[in-house]
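Chains: A, B, C, D and E, in written order; residue numbering restarts at 1 for each.
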Amino acid sequence: GRSDAAVTVWHAYDKDERVAIEALAADWNAANPERKVELVAMPYDGFGDKLGSAIPNGNGPDLFLYSQDRLGDWTAAGVLEPIEFWIDDATAARYTPEALASLAYHDALWGLPVAVKSLALYVRTDLVPTPPRTTDELLAMAPALTARGVFALAYPVDDLYAHAPWLHGFGGRAMDGDTPTIATAEAVAAAGFARELVQRKVVPAEADAALTATLFAEGKAAMAISGPWFIADIPAGVPYTITTLPTVSATGLAAAPYLGTEGILMSARARDKDAAIAVALAFTSDAAAALRAERAGQVVPNPAAYRGALADAPRLAAFRRQLAHTVPMPVSPAMRAVWTPYKNALGQVVSGAASPAAALEKAATDIANYARTEGAR
Amino acid sequence: MCEVRLTGISKRYEGAKGGRATIERLDLTFPSGELVVMIGPSGCGKSTTLRIVAGLEEPTTGSVWIDGKDVTALPPAQRDLAMVFQSYALYPHMTVFENLAFALRIRRAPEAEITERVTTVAEALGLSALLERRPKALSGGQRQRVAIGRAVVRKPKVFLFDEPLSNLDAKLRGEMRREIARIHKDAGTTSLYVTHDQIEAMTLADRIVVLRDGDVQQIGSPLEIYQRPANRFVAGFFGTPTMNFLSAAVEGAGGGRKARGLGFAVPVPAPAELGGEVVLGIRPEDVSLEPGGDRVALPGAVTLREVLGAEVVLHVTSPAGDVTVRAPAQTPARAGDAVTVYLDPSALHWFDAQSQVRAA
Amino acid sequence: MSVRRPKLPIVVGVHALLAIATMAVLYPVMLVVKKAFEPGRQFALSPSPIPKRVTLEHFRALLSARGSHGELAFLQHTISSLAVAIATTVVGIALSCTAAYALSRFRFPGRKAALTSFLVVQMFPASLLMIPLYVLLHELGLLNSLSGLVLVYSTTAIPFCVWTLKGYFDSLPRELFEAARVDGAGPIRIFWTIVLPLARPGIAVTALFSFMTAWNEFILASTFLTDEGKYTLPVMLKSSVGQFSADWGQFAAGALLTSLPVMALFYVVQKYLVGGLTAGAVKG
Amino acid sequence: MRAGDLRRALRDALLVGALLWIAVTAAFVRDRNKDATQRALRHAQAAAELVAIGDTPPTPTAAAAIVGAPVASKEHGFLRRRVAHTPTGERALGGPTAPAVDKLLYDAAGRYDKDGPFVAMLTDGSERAVAAVATARGPAIAITAGPEPRAPVPWLAVLGHLGLMLVLVGVGAVLGGRARGVGVALGLATWAFPAYFAGGPGLALAMLAVAAAAGWAHATGATDRAIASVRAHKVALSFLAPAGVAMIVLVVVPFAVGLALGFYDHHHGRWTFVGLANFKRILTGDGHALSDPLNFWFILGVTLAWTFVNVMLHVLFGTLFALILRQPWLKARGLWRVLLIVPWAVPNYITALIWKGMFAGEYGAVNSILSGLGLDRVSWFSSWATAFSANVATNTWLGFPFMMVVALGALESIPKELEEAAEVDGASSWQRFKEITLPHLKPALGPAIVLGSIWTFNMFNVIALVSGGKPGGSTDILVTDAYRWAFERGEQYGMAAALGTIIFLLLLGWTLIGRGLTKGDEEARP
Amino acid sequence: MCEVRLTGISKRYEGAKGGRATIERLDLTFPSGELVVMIGPSGCGKSTTLRIVAGLEEPTTGSVWIDGKDVTALPPAQRDLAMVFQSYALYPHMTVFENLAFALRIRRAPEAEITERVTTVAEALGLSALLERRPKALSGGQRQRVAIGRAVVRKPKVFLFDEPLSNLDAKLRGEMRREIARIHKDAGTTSLYVTHDQIEAMTLADRIVVLRDGDVQQIGSPLEIYQRPANRFVAGFFGTPTMNFLSAAVEGAGGGRKARGLGFAVPVPAPAELGGEVVLGIRPEDVSLEPGGDRVALPGAVTLREVLGAEVVLHVTSPAGDVTVRAPAQTPARAGDAVTVYLDPSALHWFDAQSQVRAA
């Protein structure tokens, strides 16, 4: 049972990440026997919705771990407690400014960053000895691989999250503040590029995340675009390296994936907010971050955590390098209406059913249409 | 110890569109301790009447009284009666033993008593060897006996038997009939008994009720019904082979009146106030091929000879109509033979041709 | 149904066809089995249902996983799941048998309306009922409790059960009820000694259905339960599916283990799917 | 006679009186809470005004201060500091170890900056009020210390009313005739007084109306008839009650809420009543052309096709297998039966994904078979027909075992005798199936089909997991569309609920038609 | 035009643990075009035999031949026969019309012909007014008539009737009996007919088969069965009231042998090779209360007088055992009266006491 004195923390961690955070909780409990932390693991599926209904009804946790992408909805619905009150500059200096900033919204801070996640390029070294530095190099190395029945690259082509590096590399953005910017010239170019990748059989048309992992693992794809979690999917014995995504040759800009920040957020209905902020601070301290990076391979946003062996752990290093070329994931609630129409548009584009411009125009109309709410009339 | 009375009972089945009710304003009293047999053509409402007494059908109008109490609104369970269903309605998931014991179990009879009574009844019905069987592994007659056993295993106020012996062989039927008579006597219960078997009706009944289309045609002792049927319907319905009917017209006046039909004439009995058209009924056993006494002759020809073992039934056509004759087995007449049949005028039943009601 | 067995070639042919059909039906499940026994988190590309290498690693990991308090998680969740599913079955069957009996054997005002309304409540998309349901359980104090889940599941199962059981009850010969009434049995006893034994196939079908309603349900369980110790199996299984990637090996192993009790239950239950229960009851 | 009248009059009055009592009590509690809130708010307001002119606020006040404007940190614009001025001095608000009550001041100042002066209750459930009034140096803020005391329950008044009611009812009953109804009405009307004080004139009028209705019902014997009817059917009703109550509590309430939400707009956590606007928006296609997969009518068409095809296939395969699996000569019947329900037994989340994988373009098993047969590979999810077929195949596979089990059960309730009779009558197996088996399957399969079509109509998982609406949302059905309204289009719960209501109405219509079609069944039973 | 033959048929029901088989090695031939009546006590295997002929039960051993063809393995539908089930087995979801039309529809008879034949049959069975009803809204007798109608509406090779008239009233039963005889004649079909009614058996049968516990006791024409029962069982089973049996011992030798029982002695007929203990059978109609001819007197007392209308049945106890007497209705003897009954020695049936087989 949950004692009323405990600070409850909900998370959707599994495996190593779970082990790491349980270790942190154990440390805390040993040090603060009168104010224990109680961790509750939730399945990721439905986690966000559950928070949305549990917290307003007073059944929620005091703290929970979630990425920043629902901040917009939750702040509007009064689910979250702003925490900048407790944070001074000294504390803020623990974290990389981008990571902290991604948890700020509407002039307030809503959580402390736990880990950052972005895509990077996974390369099978047995198939591609030198990773491509530009998209032209990528296209150039494809025919040889295709001839061997191997795709040069695999990623979920129609998924905006995976497509975002190209979008940003072509200079586009999906959101400008609270306004979706869908059918821009840059976006059209990026979508056209994706179509080219598929049409030239550089990339398989129908790969979702799971198939991407399988193709890469079985050597049917020489490279893959994925995040830190992908490491666990690669079977032992597959030689690979992680590197930054190539530069888009057409623009000379680096392909920049979204930067997602996983934060520890406080419920507006937290019972003992002083204790809760103390726990949040403890779980994101440099030492705690180092522990998480070490045990779970998390890319932590605490620069001071990278010391000793961690300082040049190759996998973390690759993602840290990629961090320099990322775009913070939009926090605006309007972004949530973008994913599906964008996915539909990309699907149409890569299958050749519609031109990039037409498909994105349609997506833009749909998105604008959804945003038209009756209350706003 | 318990009279059953129906007053003003009507029954109209739902969904029976238009048409007349199955039973229309029926008043009937079944005296306490008597065994009353109900007979009537198929579909005349016998089962319906039993079901109304049992409380299984709600009468459209009228009331049912048992033991002087209006039970119309009471559920069957509170009327304390036992019924043998025409369709048996055995509990298919119970063994014969359990079927027989069910009503006793419900009454929380002690287990020893249950075993004893079930065994006794099973013995009497010849079911002892079948007690562990389920109904579906029984023959038709065996099922029917279980249905009887289920009713007679307890001692209710009223027994309702709906053609309980129809599927039994003659021998068994005789035994069962005597068994039912015994149980009825012993328990002193009022019993309502539906049957199509004349022997059952004659031997079991204290009283017979003849129904037709839900109407009572006649109530009386078996002999009354047989010997003085109240109307042509009863006369023709009861008795095997059925009564012969001859049309005639009364002629003359005073003591010398005669009823003349095609090919025959018989004197009209003294007190009968008859006139015009009449129908004469005569039972096949009162027709003979031998002249004698004041018998009236009727010429005819044998069309069919049915040998029944101890006797033969001859179907004779005559100008007056078809006549059935019950004759000793030795009778030589064969189909095709010309014969003269002789009617015993004293055995004639006189009916008014118009109203069909008995005149003498 | 012909009592006689058809000719041998037909018998053999039917068996062969059935075997082929069953194999086709089982193919997707074989892929799950394959994944459960194959090392690695991801599905293999090959469509062959036979794993290249076999490992019990996924099962070991699953069965030895421990919850926050060091308990054996799989075991504990199996127990919660069984408790919920069995209770749902019992409650669901009890409620729907009685209701179906009333609807089948009695005529009362509002009967038709009641029958229809049992259907009506299934028509609103469940995902949209979730938030109001959440609030309701909150008000009843049944959030985060297995009894709350049982309540929700059994009410979800009731409409189907009521309708199905009513069908079975309707098919019992009316005379049996009448005979029992004349024998002095009241409605409860008739229900208990006549209706229930004779509707065994119906009860078997609805029992399986109620059990399944509770056994594989994920969304409500994961929304209403906030105590890891009370999680049901699907909630635990889903934990191996993260935001970005999933451990399909473990998931497959878990899915297989989850389906075993269902099959065991059905094996028992199908023995009650027997015919001829009312044979010999009535003539006509 | 008189005693009976009195008893019935009192019974009716108490029956309705209990309901009225609940209403009045609820009104009273609400009123009491409102009153306490009012006092807390007044208290906070007064305190804040005192602070504004530099006085000490009255006790008990949890915190009071004039809070200065925020000063943003140089590195992080969103980290902002405020200073609280109190008569005892000033202090900075915030920092890792700052007291909790300071946060209330800080947050209140933030709210003042946005909304201007305000007075409100805190939302943390502590029943404290907070007020902010303007001063030159920034808002003066005061927060009360705790819940205000509540008025006691006026038991004496309640009992008095009860007594008065009973007396009036009694007098009416004793007078007899018309007076009985009048007595009941008058007795109940006494509730209007407490109702007026607790809930205002509206509630009082409502009480009067209920009282009049109850009196009328009593006088005309409507209550008697209702009670008699309940009595007459008490056995049936008590058998129905457990399930009925469970359904009403757990389904009807959320269901009503769900229906009501369709008339609201949800935007960023706020609900606005918009009448039929959502429905209009949906039914007019929301600006999409009829051929656009996002148009309601297009989706409806897909949904209907989806439902029809699936249910048909479920019944077809289910019945087919059931017919085979019940043959007594079949070897290892139990084993086959168990094997064939496996698709139902394995959690569908994983098997649906397996099916999706089987339909994958390059590597899926289906295409492997096709190319093995020398046919072209099909890109399953890039055209509507193939994507739809993939969904249907998956759902058929998932759904037929259920129908099979239902059919297996139903087949067993067919009397063997009838099939024997048909056999003797010369019917072939097919004719026996058509003429005997099928009509007897209908009563059991009918509900399963109706329910099955309801479920299929609302089958979210398969669509979401297999095609995910591809291509371009054209294989979405109404529920997945509703889901998208709720979760992928900016939490427009109102639209989702309106769509839910439309789904409900469609299914209701279908059920009524379906019930009409199978109406004869009940009469066909033994 | 179609003989039915059973060779070596045995039937042992599954689940009937231990005990003997229901039918044990039965050989029976039902000649083409004949109407064969099967009679026997309840549960003796009559229905089972019919069901085996129909193909509804698989015989444990033996074969069924129809028209010279071994049909043991054929399903019922291919045997072209029609059956009236003892339990009716009406299709509950069809109206009476549809029930009657079913077999014709199956054979794709033209709609006009179906209507015509169904109407004719319904007319003959008195069902015309009920054609739109479902079976559950019919009375027992009406259901049975539908069951008959369903069989006779078509012209199969073989008719199987399982107690088809048991629930009909006497009058209707007579009509139906004649109707069935007519149909059987017209169609020239082979018919197997189970009944418990002696009149039906006597009047309908070309041949009677008496069964007992699955064994054939006697096959013969009705008169043969009645007049020369092959053994004591047949003698006692067939005939109502049942035959009287008196035990006696043969004394003396040569032409002057006498069988002496308690209180009587009768001469042994010449050719009978009897000795030791014998059983004498005499039908109630061959016992009389009047002396005459060479009748043998037996003193006794009336215990029960059953009035059957045309005649009375007297149950008399005598030192030799109980004797039933069939006497004219006018007979005055009442229960309790001492009477002397007279046996007609020429009507005696002689059975060996040991083997129970007819001796003379």
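Operating definition for what follows: contacts are C-beta pairs under 8 Å (C-beta built on N, C-alpha and C of every residue); 3 or more make two chains touch, one makes a residue touch a chain.
What you see is a predicted model, and the numbers here were worked out from it, not measured in a lab.
Once chain E is excluded from the assembly, the chains that remain, linked only through touching, form one piece. Listed by label, the chains that touch chain A and also chain E are C, D. Taking C-E and B-C together, the chain pair joined by more C-beta contacts is B-C. Put simply, the chain nearest the middle, going by average C-alpha positions, is C.
When chain centres are defined as mean Cα coordinates, A lies farthest from chain B. Most remote from chain E, judged by the distance between CA-atom centroids, is A.
Per-chain CA centroids place chain B at a distance of 65 Å from chain D.
Spacing of chain B relative to chain E, judged by their CA centroids, is 22 angstrom.
Separation between the centroids of chain D and chain E, computed from CA atoms only, is 71 Å.
Computed centre separation for the pair chain A/chain D is 34 angstrom, with centres defined by C-alpha atoms. Among the residues of chain B, those in touch with two or more other chains are 15, 86-87, 137-138, 140. Residue numbers of chain D whose C-beta contacts span two or more other chains: 357, 363, 415, 417, 420, 423, 440, 523, 525-526. Residues of chain C in contact with two or more other chains: 2-3, 43, 45, 131, 135, 173-174, 218, 238, 248, 276-279, 282-284. Applying the touch definition to all chain combinations yields A-C, A-D, B-C, B-E, C-D, C-E, D-E.
Within the complex formed with chain C, the chain D residues making contact are 229, 232-233, 235-237, 239-240, 242-244, 246-247, 249-255, 257-259, 261, 321, 324, 326-331, 334, 336-351, 354-355, 357-358, 363-365, 368-369, 397, 402, 405-406, 408-417, 419-420, 423, 429, 440, 443-444, 446-448, 450-451, 454-455, 458, 460, 478-479, 482-483, 486, 493, 496-497, 500-501, 503-504, 507-508, 511-512, 515, 522, 525-526.
In the complex of the two chains, the chain C residues touching chain D come out as 1-3, 5-6, 11, 14-15, 18, 21-22, 25-29, 31-32, 43, 45, 47, 94-96, 98-99, 101-103, 105-109, 111, 114, 116-129, 131-133, 135-136, 151-152, 154-155, 158-160, 162-164, 166-168, 170-174, 187, 191, 201-202, 204-205, 208-209, 212, 216, 218, 234, 237-238, 248, 251-252, 255-256, 258-259, 262-263, 266-267, 270-271, 273-279, 282. Considering their complex, residues 73-80, 93-96, 98-100, 102-103, 106-107, 110, 123-125, 265, 267-270, 272, 274, 277-278, 281, 286-287, 294, 353, 357, 360-363, 379, 381-382, 469-473, 484, 487-492, 494 of chain D touch chain A.
Chain E makes touch with chain D in their complex at residues 54-56, 75-77, 80-83, 85, 87, 89-93, 102-103, 106-107, 134, 136, 150, 160.
Listed in rising order, the residues of chain A touching chain C in the complex are 1-2, 10, 12, 14-15, 22, 38-46, 49-50, 53-54, 57-59, 61, 67, 117, 209-210, 213-215, 217-218, 220, 226-227, 229-230, 232-233, 235.
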